[in-house]
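Have a look at the structure below before the remarks.
In order of appearance the chains are A, B and C, and numbering begins at 1 in each one.
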């Protein structure tokens, strides 16, 4: 493991830096979906690797917290391990893989399958916070569009999708309206996870380190995925079952298992999968794969 | 005229640094009327349009617009949000270069639909039907509905720009050299189309052009501008047939020639 | 068995061990010291300090060593270190006119008050590999030559004699202290002053505003000039160099002349409220470049415009590029129209930071199983429903392409 310089502040960030982030977070919670600028610092991990999420977590965490870190839904992916290790070493907190046990869950690209509870905080690592960025790259203009709630351009993208593909061809980072006011990027989670944000009892905080923005979905907040009245939002399902636990309703990763293109599917949420397997031990596993198409 | 004016400008001044682009320009525009603004390039015509559409704030003077509800609004005193909303619902603006007024990577249909979405439409089916309808009105073949404007000819781009602007049935259109880059026969078709659409929907318009023939064809009244000021105005036929100011005479003889 | 494709603690631990071995290299070769890096690879250290936004030669040398000579990685290390430092306050504005110069040249005048000082430059060295330099045991620099050069200075016409008294400008202070290695820059009036006197150059004035601090706050575009200069000062040298080059090739040309380029050591003063006067807390080297650019005349008599670049440390390639790009970014101010990428403020300032760029570009190495899986399922479903004329991946997230 990396050797840490002694004399670092608790949870790495200076108390000053934490206060800056907390102030921004308070504002973000007060204005759901609104991107609040904050003066991010360089972190000891590269931009794009979770600096926004780490700054949010570091400014909230205390010794009594229980931390879970996932990347792609799994607790054991390298970057999740690296971030968890960093936070555990600098914040001296307990870590867990159990979603239900965690008080803070930092994530990249997934929301856990286990339903979140009141009092839990989800912290998302965000690459590009603005859902308008790829439609209109100028920050100056985007600020005006958000301020005036001019979101017609988002529907043009959907229109083009339906015209070209017969459906809305956005499989992840699917934009949503928060509290019927601000269009928000939910970070690159699969659209499968979007419904989990709606009226969630947990607090959801989004940190974009390189872009220096934070935003939030407070508990029990309306989050509506963008769609047409005649082409409603579909979360989508995989049509497969997990090879390991047999779940047919969780988000599945596809694994190539041989040179002949053979594939199996397993839960992307590794903690969820393990718990199911443990509870099913002894019992007959539901038959995996090749059931439908 | 017993009606109230739709658009009024009073004593507009505007400068770029020390260059004075507008010096005390006033005008009134009534519903259903098309006003021509003619002059050489650099005379302040395009600046005037930018001020009228609420994009450039004048250093002095006011612009009033009477909205659908009949309220007379000081365009630069209302909030930016309200001004932008008017701009995307009640106002149409056709740029000199249609490429700047269109989304070149988005299909023709999507370009028209954007205006509808901006005005609150949330049904794909409705937006698509209206896009088709407007494509028909501006005489673009339906088979081109899903092609991007990059694959359109210059004349088609002009017409798509018109369709995109008219899709929300604006009450006022501002046209900046709408046929500037087109050859003569295409120009005639586009002009014809503008005229018939204006009649059909009772549009009022301000048309900026350096081409007096275009002004004669489309407008009832014209203003002649020079160095940021209005030198002469009146009924189009009167001004062009019997120009009083020497500058207008020069302009008429040099552009209309022996026509 | 499937969990194996996802890495883990052990893999990371092994990676660190291998990295540490690779950094040290073969054990029969002596380990390089911080001092050797600092003094013998000085320009690498200077660049790391400039882009790392931290003037700390020892730390920068350590960063170069830790990064195995990867300067962008070293810059990143220094920035991250800087991020842990509290802000105590801001120094007084640097007074480059009270600095000790080791180099000062002007491209606009053959001869100017104070003369030209070539200093240690690559400019006139023939780029031939010096094989003698490769033989560490035999090579040592000829003693006395550099001392002599410094004493006399490489003479160019018009330069004053060493030790020659100069006329003091009204209001100037600070005599040269004994033991200083170069003439004070104060002895060298700014080249721009010559044009200013004639009214040929646009004047600059202090607007009295307190400068912002990009490292402690975020600001919306457009930036004020001082924020722009801050952002450029820590921007990637290669990025600025290429942008400056692009303006010369017509993508927003500004016709620059180098009025002056100077490298010297300045005092950093801190105003301590307890004392009621500024105290010198450090000395640092800076490179400063002023360009004189194409004139403009609308509304008034024509005048030259100017660009400015200030970089920490000895880094004249960057200072020069910076001044050119800075001037290019003033295009809207002069109503020149934004025609080239170097004139587009949001483009230049959003993409020049190599720590940001390095991180975000390299993050595509991270697993994207979930997004890819979502995209895969979508693509399959689209292929099952013919009628689409679709192409490409989704345009959001990590994709590109504004509508």
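Convention: contacts are C-beta pairs under 8 Å (C-beta built on N, C-alpha and C of every residue); 3 or more make two chains touch, one makes a residue touch a chain.
Not measured: the values here are computed from a predicted model.
Enquirer: Specify the chain most distant from chain A by Cα centroid.
Expert: Centre of mass proxy via C-alpha means gives B as farthest from chain A.
Enquirer: Give the chain pair that accounts for the most C-beta pairs in contact.
Expert: A-C
Enquirer: Would you kindly tell me how far, in whole Å, the mean C-alpha position of chain C lies from that of chain A?
Expert: One centre to the other, that is 36 Å.
Enquirer: For chain B and chain C, what's the span in angstrom between their mean Cα positions?
Expert: Centres of chain B and chain C (C-alpha means) sit 48 Å apart.
Enquirer: Could you check chain A for residues that touch two or more other chains and list them?
Expert: 153, 156, 160, 164 - these are the residues of chain A that touch more than one other chain.
Enquirer: Which positions in chain B are in touch with at least two other chains?
Expert: Within chain B, residues 103, 106, 146 contact more than one other chain.
Enquirer: What are the residues of chain C that contact at least two other chains?
Expert: 389, 401-403, in rising order.
Enquirer: Help me check something: in the complex, which residues belonging to chain C touch chain A?
Expert: 2-3, 5-9, 11-13, 16, 76, 79-80, 82-87, 215-218, 220-222, 346, 350, 355-356, 358-363, 366-371, 373-378, 381-382, 385, 387-391, 394-403
Enquirer: For chain A, which residues are in contact with chain B within the complex?
Expert: Per the touch definition, chain A meets chain B at residues 144, 147-148, 150, 152-153, 155-156, 158-160, 162-164, 228-231.
Enquirer: Help me check something: in the complex, which residues belonging to chain A touch chain C?
Expert: 1-2, 8-9, 12, 14, 16-17, 37-44, 46-49, 51, 71-74, 76-79, 81-82, 85, 108-110, 127-128, 131, 134-140, 143, 153, 156-157, 160, 164-167, 169-173, 175, 188-192, 210, 212, 236, 238, 243-244, 251-255, 264, 266, 268, 270
Enquirer: Can you list the chain B residues touching chain A in their complex?
Expert: 80-81, 84-85, 88, 103, 106-107, 109-110, 113-115, 117-119, 121-125, 127-128, 146
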